[in-house]
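The chains carry the letters A, B, C, D and E, assigned in the order they are written, with residues numbered from 1 in each.
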Amino acid sequence: ACGGSDSEEENNDSEDASSESANAEGDSESAELEGNVVIDGSGTVYPLMQRLAEEYMVNEQEGVSVEVSRAGTSAGFERFLAEDGTDFNDASRLIKDEEKAKAEELGIDIMEIKVALDGLTIVTNPENEWATELTEDQVKGIFMGEYTNWSDINPDWPEEKIQTYGPNENHGTYEFFYENILEEQDLVSDINLQQDYSTLVTLVAEDKNAIGFFGFGYYDNNQDKVNAVGIDFGEGAVTPSLETIGEEGPYANFTRPVFTYLNVGMAEEKAQVLDYAKFVAEEANTFAGETGFAPIPDEEAQAQLEEIEGIE
Amino acid sequence: MKYVDQTLVHKRMNSRVLKNNILKQVFLIATLFGLAVLAILIFRVVTQGIAWIDWNFLTGKLSTFPEKAGIMGAILGTSYLMLIVIPVTLIIGVGTAIYMELYAKKGKLQSFIATNISNLAGVPSIVYGLLGLTIFVRVMDFGNVVLAGGLTLSLLVLPIVIVAAQEAIRAVPGHLSEASYGMGATKWQTVKKIILPAALPGIITGAILAVSRAIGETAPLTVLGIPAFLLPFPEGIFDTFTALPMQIYYWTLDASLVDEYAYLAAATIIVLLVLLFILNAIAVIIRNKFQQRY
Amino acid sequence: MTTNSGSEKKSAVNVREMIAEKKRKRNFSALTEKIIPILLLIIASISILTTVGIIYTLLSEAFEFFKRIPIWEFISGTVLKPLSQEPEFGLLPLLNGTIISSVIAMLVAGPIGIMSAVYLSEYASEKVRKTLKPLLEILAGIPTIVYGFFAFTFVTPVIRAVFPAVEATNILSPGLVMGVMIIPMIASLSEDAMTSVPNSMREGALALGATKLETTFKVVIPAALSGIISSFVLGISRAIGETMIVTIASGSSKNFTFDITQSMQTMTAYIVEVSGGEAPAGSTIYYSLYAVALTLFVFTLIMNLLARYVSRKFREEY
Amino acid sequence: MTTLTEDKHAYSGSTNNRVVYDTKDLNLWYGQTHALKDINLSIYEKEVTAIIGPSGCGKSTFIKTLNRMVELVPTVSTSGTITYNDKSILDKTFKVEDLRTQVGMVFQKPNPFPKSIYDNITYGPKIHGIRSKKVLDEIVERSLRGASIWDEVKDRLKENAYGLSGGQQQRLCIARCLAIEPEVILMDEPTSALDPKSTLRIEELVQELKKEYSIIIVTHNMQQAARISDKTAFFLNGEVVEYDKTDTIFTTPSDNRTEDYISGRFG
Amino acid sequence: MTTLTEDKHAYSGSTNNRVVYDTKDLNLWYGQTHALKDINLSIYEKEVTAIIGPSGCGKSTFIKTLNRMVELVPTVSTSGTITYNDKSILDKTFKVEDLRTQVGMVFQKPNPFPKSIYDNITYGPKIHGIRSKKVLDEIVERSLRGASIWDEVKDRLKENAYGLSGGQQQRLCIARCLAIEPEVILMDEPTSALDPKSTLRIEELVQELKKEYSIIIVTHNMQQAARISDKTAFFLNGEVVEYDKTDTIFTTPSDNRTEDYISGRFG
């Protein structure tokens, strides 16, 4: 499936040299690595990371075990920023200052790797034939509780209560929405926040008056169950898609980069962690599309790869 | 003067008897209700999952692609867990039962241990998960490996084994141990050579029931932090792992990511239920076959 | 006839002497006899250590939590927002979810369980009883994750097909399924209690012209009441501690509501959610796990003690 | 012999009373075991009929057939007929509950319900639809008086029946039976679990009760049968060997086996 | 009386045999129940001593005290002394296992282990440390011959002992006991669970065994005591009423109670 994994092997020094002779499989000259790589964090990034991990384990390093969990961005950071913490933390938002401070306190050197772009998608129930397009302000108003009924937005719309949904505070998606879109204004108090995205999808899929938000990937996989709302940022409605999502694109206002954070110390210590970091930087764009993300610009990817290669 | 008017009694009798007959049917229906739910449950699971079970599914590695996914890793994880649960619970469970039934003096200590065991049997499994997380994963620093999971599950099912072993030991007739003592055997010789062999079928049955409970337990494992996605097969008790019920759990959760995961969950349930069915069948066979006539 | 026992005696083997000789080895076996009871006592105390371990972990970590969140605020708080910027740790939403789901479960398991018990012990023939009871007990052996899957993928959609107002995750569906899971427990324990009511009691009532139904409800059930009640208490305890069904099928809304069509979270599901993966040590939310678990533990402990008390205290004399 | 025996003689003349029970070729099997064989017996109103015979001869089986309690054993099958007040009661259409309302039963081991004394007595009337507190109170007093236990328990009606002694419990069971005002009372060795003093009280009570009720009593105590019954039936191996006035049976039995049995025990 | 009784007369002369067991003021309590009262008995070598008496008089308790099996009941307490071969065995320092190796016991209900016939016999030798297959084989044959059951089981030594009939099982238990070559064999109603034919075989066996062993046998069967024993002790309410040669006890008992008991049963 993947062609371009022929570059960096020479870094795998000392202890791995011995195991090389054992079985050198045909396709690559890379040294046999072993041990594990532990990843936790964002549920939004999880599908991409899971895909990458699988690819890595099946086609690159059979001896390495990449464990991917998805406790959520924030819970993941707590686990990442601890002694003997995880090697990577996936994040659907930027690391926060408190988290940075904690890392410094613990002496953990971290590296930010941008892996893809996600479009925060506003979704409604398929039976909702009225609110197919909303302005950015209307979205804010809905989630801040300024409108109670649909008819409060547009008198032609049903006089029924708007029911809001979203991922709970465990998730970077929530924080992105709260900080970047609502600009830290309070969410409507009766919003239904859920831990699991599957629950969320089902809830929106089955509530006629539902409106919710989550990452594009979850919409992408469930287009038959939920509708994406076109957002008018001032120049006409834009629906999220792999084409429109992008830091410069028409959906830019609701576009956010997603990251994985690398514990550099771990990468220095464990060859497999470093190798996997390189693999991620190199291959993320290859698998972004099929897991519901837009790729990051190639130059940016290349720059990151070089930065990782600098780790010894 | 008569208070009980026989003609009146006779008149009301029809309706009383009718009520009895109707309610009898209601009770029967209530009994069948549970079985009907069981039938629906199994039917649902089988129709959803059976098509997904093939050789690759049973022996293959996990994959994000539903048609490629296999559950060998989970099967192995579950097997390794049992590799710990079985000896640990047998040693501790049978040891405790021997102590309680044959060595402990009737008194405060004995009844304290007995009360304690029956309370442990009622502690929710999730609390055992927290115990395992704190003691095995963190304090003893095993990490989220098979060993920690196995020990957690062992403690969880320990009361089941203890009670079963106690009952089995109690069922060994006193005249057998008397015969042994009468030959000059010491207590431990009698326990080892007479009482335990005679109690063995009962103990094994109890152990199997405990194992089937442990195999299906999910809640304590979720607390221990079993990775959601893990390809390599565990190769020992110090490896991280996933287990059948955890795989069901994650696939159920991820059904929104990929619809087919729901079917994979159903298929895994079938495997789990078949496993449990086999275990219970073995327990029944042992119970019937080795039941001693004294 | 026994002719040769005397002569055989004089053969080479003199057992008495051999035994006397082996007796020197006895010192070792005497030591074993002394060590074994101590060893067994140590093994038996593992169960006590387990309890101590549970209480110690729960208490010490919960203590840390109560240093940060006053205990009263925890117990009486109606808002639970552990992850929010200004976290609030109110127990009541979880308590509410736990109680409501348990009540729903018992509303199913109680009547159906007791009716099954009545049928099996009073009406069914021996043969029918011997087939139905083990079948019913299969229900108790199904892993809870399977019930969770069933509740989420089957029961909820069915309920929603009939009552569209019900949410996709709600407390009703897991409550009902939990009830089904508990049926065999109540049926089996109550049936045991009812079969142990002596037949003379039934004969006494039947001989007065009572129907079977009247005999059952006015004589057998009152006589078996202690067993039946303690089966209920154990059922409740089971419902309170049940985790996977509610985790999967009731979502994770921390609603403080009595509307069973909505999503609610139980104490157990909260523990799963927050630990979800691996609970980060040191944070308030991490400690909150233990405060909730401690509450849960206390609840089930009370239930278990209550069950024992009931079965001892209200045991009928006959 | 006590003075009671003389009482009996006074009553035993009334043989031309009405027939309450009549069995014709009654046979009963427990599965393969043939427990009753061709029983033909007529039992008369307001008499005490004693059933005697060695253990396992079918005494209990017989009187349990009279109120169809024997059907509680699932393997039971019967042939022949029993008529009670000219109604054939073995028909499946005949409601056993009706029959048992008219035919009370007292068992070998006292079996009060684990309820209060009061609730024990009112159990029957209540299931038969009597609700009025006043009526129930009256029934309780009358039944307890009828079973001559009123004075002993009148101050503790709300207490659990298990607080009573064995003999009191048995009289309570008789009272419970009287509360539904049956016509016939079946008694299966009602005194075998009791001490001699309690036994005597029950025997006196039986004498009293037969003024109002027809009584069929199983006993393995020959003296008791002689003391209190008007008619005696001797059962052996499921057959009725002899059935006659008690006097006749105990003085001039016509069958050798009866004589053997009676003398063997009196010995 | 059978010919065996005559055998007995031949042996009963040997009263000046050595004393194996001697009890002095032996008292035993189960908690509060005083089960043995001031027992003073001397039991002689290579004789059959029978213990008789009504149910509950303490027969089983007495012989279980002789090998201290009675201590398995936790509430037991004793006073007085028992000497066995001049050693005081009630001392806590005395090893019960040693005692029980020298004193075998046969119980009322045959109680073979749920193992093969072979394993039943070798159980004792093995726990006492005998491992050699050859020696064990020899012991098995000799013990089974000694209990005169060899011919019946020699071809099925590996089969489960529960396949044997009750009488065979009891002889197997005796063989099991012989395997460790005890000096004394205690038997607690060894034939009460057996049919008459099996009983006879065991009685013959006892006669044979007493050539080598001292035997103390509890029996409720008076004829049996008369047939096989040399001495008889009559127990009543935990006391020894009379202890003498069997002849004397059965023909000219010195105590009325003995006479009553014996005649009552012989009746």
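One rule holds for everything that comes next: a contact is a pair of C-beta atoms (placed from the backbone, for glycine too) under 8 Å apart; a residue touches a chain by one contact, two chains touch by 3 or more.
None of these values were measured; they are calculated from a predicted model.
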### Starting at chain A, fewest touch steps before arriving at chain D
2
### Comparison of B-C and B-E by number of C-beta pairs in contact, larger one
B-C
### Query
Just how far, in Å, is the C-alpha centre of chain C from the one of chain A?
40
### Query
So how far apart, in whole Å, are chain C and chain E when each is placed at the average of its C-alpha atoms?
51
### Summary
Whole-angstrom distance, CA centroid of chain C to CA centroid of chain D, is 48
### Query
For chain E, what residues touch not just one other chain but two or more?
97-98, 101, 128, 180
### Query
What are the residue numbers in chain A that touch two or more other chains?
69-70, 196, 199, 202
### Junction residues of chain C - those touching two or more other chains
209, 211, 214, 276-279, 281
### Task
Write out all the pairs of touching chains, ordered by chain label.
A-B, A-C, B-C, B-D, B-E, C-D, C-E
### Query
Hey, which residues of chain C end up touching chain B in the complex?
29, 32-33, 36-37, 39-41, 43-48, 50-51, 53-54, 57-58, 61, 111-112, 115-116, 118-120, 123-124, 132, 135-136, 138-139, 141-150, 152-154, 180, 183-184, 187, 209, 211-214, 234, 237, 240-244, 247-248, 268, 271-272, 275-279, 281, 289-290, 293, 296-297, 300-301, 303-305, 307-308
### In the complex with chain B, residue positions of chain E that touch it
67, 69, 72, 74, 97-102, 104-105, 107, 109, 111-115, 123-124, 127-128, 162, 173, 176-177, 180
### Residues of chain C touching chain A in the complex
81-85, 160, 167-169, 251-253, 263, 273-274, 276-283, 286
### Summary
In the complex, chain A touches chain B at residues 36, 38, 46-47, 50-51, 53-54, 57-58, 62, 65-70, 196-202, 217-218, 221-222
### Task
Under the touch definition given earlier, write down the residues of chain A that touch chain C in their complex.
40, 69-72, 74-79, 82, 168-170, 192-196, 199, 202-203, 205-207
